[in-house]
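Structures for review follow.
Two complexes follow with subunit A in common, the first pairing it with subunit B and the second with subunit C.
Presenting the complex of A and B:
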């Protein structure tokens, strides 16, 4: 059997490659970065919502299945340069460090994932301009290392705010979709802060709280047990206050129907999920249709979210839309099974 | 008296005396409508929803409040673009009627709300549709509201602007000036850049912002005539309209004479002068 090609070494790709190996299929795992683990690794995710489980507890077993596995050929710092359909599967060209290599593969799993929204594009929040305005990309590592300090002066904050839906549900930046995780992750972060530093006030500004299913529990607990405060309405702009030493958040409290202006020491933007650069490249290379959102579209997503509709090509994870880690892992398993069946038959 | 004097201040609560004697104009819910008013309100409601701009401007609303955040009017008055959009999207004839009485006039048409709206609504636009309807139907409240604005209207109709640069109060517009930002790139406007971008006399005096060439002002007036704006205004304030027509007629004559002089001076030297029939 020709090997199965897995594109992307995040949770979905790791899960797919691990499953394929345990099914006995030879697998090539291609990752464009020089390390495995995808966004959770790249941005040093701290605890995972909703169970407040350290990210390592989820990522390490996934990684453990890959490393040293004789059935998996690991190709880091490698990208896909070309893909041609052959009678069964694809003839692909891999590029690493400028060198090209042609390989025949029996099927392909696209697990190219998402990128966090670049919060600079929402310029009214001053991300990239005011050091104490952060987004998910920076706050997770701070929580991970337990040093929640203002980048501007290294002092601990007294009052923090989270602004949900930054780069999501917003046609101004061209991203009308919901990121699915921003609410629960923000709440989790606020809980992490309050658990360790109860002296820090935590406010979450929201237009809807979407902690669907059992995630709702953390939302309730965040108020009941950790005293996180929720304000219904959005912050529309951040400016400097008190001689530049604090941030001024201007918004509307839509329950009280009045404008608000509150000074904060640190503000966290719940930066959403966009199709990653790799996802866009793969769409072009395979001539795949993408939805209006730019994510890959499964043939019938309700029936089989891993089925691309193209023979020998399967999807897994956030390449087809915002997804939480467990969903990405499950899809990795599903895609592995389908790719294996296709390669075998 | 300014339009906003009617509106209760946001920051302070009403004193007992104020609460007992409501402002000259009745606000939402307090006013019992007459049969005639009800009929007009129903007509306005239908016309509002039939307006082709309605479906283009009012798309839906997440009630996020970001439009209100940047709204200068919302900072001072019991008014918010979110409320206006809600009334446009879900209000009935009575709520629309109530908004038309006064609130719509608190907006200064700066369009910040549009820039902020994540749903892509044209809130400033729908407010101006509401205003148009209240003017077209010659609402008594509109007449009263606009009465103190003869000077502004005159300027708008003859010059095209009535805002001057000294009206800008930096404290109220934190996102303006040195901290202004452009789409993707972060840049700062230094006083040096500002001085280059804006002519010095404009920075120092307001008078020059009202200076406009005769030809431009006549073209503007022609637009008002052709698009029916002048007729709308006539229905609301015939006296002011006649005065404006007089002013413009006089300018047209002056302009015609000047053109005459100019072209006879140029005769034989150059080709024909561009014709303008203002």
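Presenting the complex of A and C:
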């Protein structure tokens, strides 16, 4: 059997490669970066919502299945340069450090994931200009290392705000979709802050709270046990206040029907999910149809979310839309099974 | 807690009441007027949606980004001017509350920050103006002298293709129901005529082939006016559309 090619070393790709190896299939795992673990590793996610479980407890077992596995050929700092369908599977060209290598693979799993929204594009929030405006990319490592300090002066903040839906549900930046995890992750971060530093006040500016399913529990707990405050309204702009030492969030409290201008020491933007650069490249290489949002579209997403509709090509994880880590892992398993069946038959 | 909003209080005053030798005269039955919204009218939303400038209203999800950046609301401090709230009232059809803002709704200065920022692509500035138009068209807002002047002006332009000041004056006088003494008109007219600021009469400059242009404009105005008529005010719709020309 020719090996199965897994593109992407995030939760979905790791899960797929691990399952394929345990099914006995030879696997090539290709990762663009020089390390495995995808976005959770790249941005040093702290605890995972909703159970506040350290990210390592999820990622380490996934990584443990890969490292030192004789059935998995690990190709870090490698990208896909070319792919052409052959009678069964694909002939692919892998590029690493400028060198090209041609390989025959029996099937391909696309697990190229998402990129966090670049918050600089939402210029009215001043991300990139004001050092104390952060987004998910920076706050998680702060929480991870337990040093929640203002980047501007290194002092602990007294009052923090989270702004939901930055780069999500917003036609002005061309991202009309919901990122699904911004609400619960923001609430989780606020809980993490309040748990360790109850002296810091935490406010969440929201339009809708979408802690769907069992995640609702954390939303309730955040108010009842951790005293996180929720203000309904979207912040219109962030400016400097008090001689530049604090941030001013201007918005409308739509429940009060009143303008609010509240100074904060730190503001966290809940940066959404976009199809990753890799996802876009893969779509071009395989000539795949993408939806209006730029994510890959499964043939019938209700019936089989991992089935691309193209023989020998399968999807897993956030390449087909915003997804939480457990969903990505589940899809990795599903894609592994389908790829294995296809390669075997 | 004292009730400070007098418009919400209904007082029944008893001037002299003596119960078994004890004077109990004073304010009795002090009730709060009901503030329960009991009448919602879906027609408002239909009307605004059917208007060429108001069709983006149904995209609004009430996040308040428009109000947050609104220069009237925040910078100028006119708290009653709240585009998010106006849209909400129009969406749910709470006419009774909306009519309280018949004047305020026109305070928009069209800076268009809201349109730039709206995450749902609502053309807030246009929608708010349309809501104002609804209030006028349905007779909920008294037409102001400025509105009547606008009407006279449009009528004048359509008739002549170029402003005819004497005719404009006549029309406006009629709409206002006002009669300026003839001597005063004559004096004003002569002064203007001498300074070259009055164009009227058979020798005044006229737009060429205006009749043709007029028919095009009238057809367009009629098309613009073809949105659902507000309750019991069908005859006033055209006026609100900037037409009102017969």
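One rule holds for everything that comes next: the second predicted complex is superposed on the first by the 345 of 345 C-alpha atoms of A that agree within 3 Å, B and C clash if a C-alpha of one lies under 4 Å from a C-alpha of the other, contacts with A are read in each partner's own complex, and residues count from 1 in each chain.
We take it that a residue touches a chain if its C-beta (ideal position, glycine included) is under 8 Å from a C-beta of that chain, and two chains touch if they have at least 3 such contacts.
Everything numeric here is computed off the predicted structure, so don't read it as measured data.
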item: Subunit A as common anchor, with subunit B and subunit C clashing or fitting; value: clash
item: Touching partner for A:207 - first (subunit B), second (subunit C), both, neither; value: both
item: Contacts of A:236 with subunit B and subunit C, given as first, second, both or neither; value: both
item: First (subunit B), second (subunit C), both or neither touched by A:182; value: neither
item: First (subunit B), second (subunit C), both or neither touched by A:170; value: both
item: Partner chain in contact with A:252 - subunit B first, subunit C second, else both or neither; value: both
item: Partner chain in contact with A:123 - subunit B first, subunit C second, else both or neither; value: first
item: Subunit B versus subunit C, judged by how many residues of subunit A each one touches; value: B
item: First (subunit B), second (subunit C), both or neither touched by A:317; value: neither
item: Offending stretch of subunit B which, after superposing on A, collides with subunit C (from 57-65, 201-209 or 255-263); value: 57-65
item: On subunit A, positions contacted by subunit B and by subunit C; value: 124, 165, 169-172, 207-208, 233-237, 250-254, 257-259
item: Subunit A - residues contacting subunit B, complex; value: 120-121, 123-124, 126, 128-129, 165, 169-172, 207-208, 233-237, 239-240, 248, 250-254, 257-259
item: Touching residues on subunit C, where the partner in the complex is subunit A; value: 61-65, 67-69, 73-74, 79, 82, 84-85, 116-121
item: Of subunit B, residues touching subunit A in the complex; value: 10, 62-71, 74-75, 80, 82-83, 115-120, 174-175, 179, 181-184, 186
item: Interfacial residue positions of subunit A with respect to subunit C in the complex; value: 124, 165, 169-172, 207-208, 232-237, 250-254, 257-259, 261
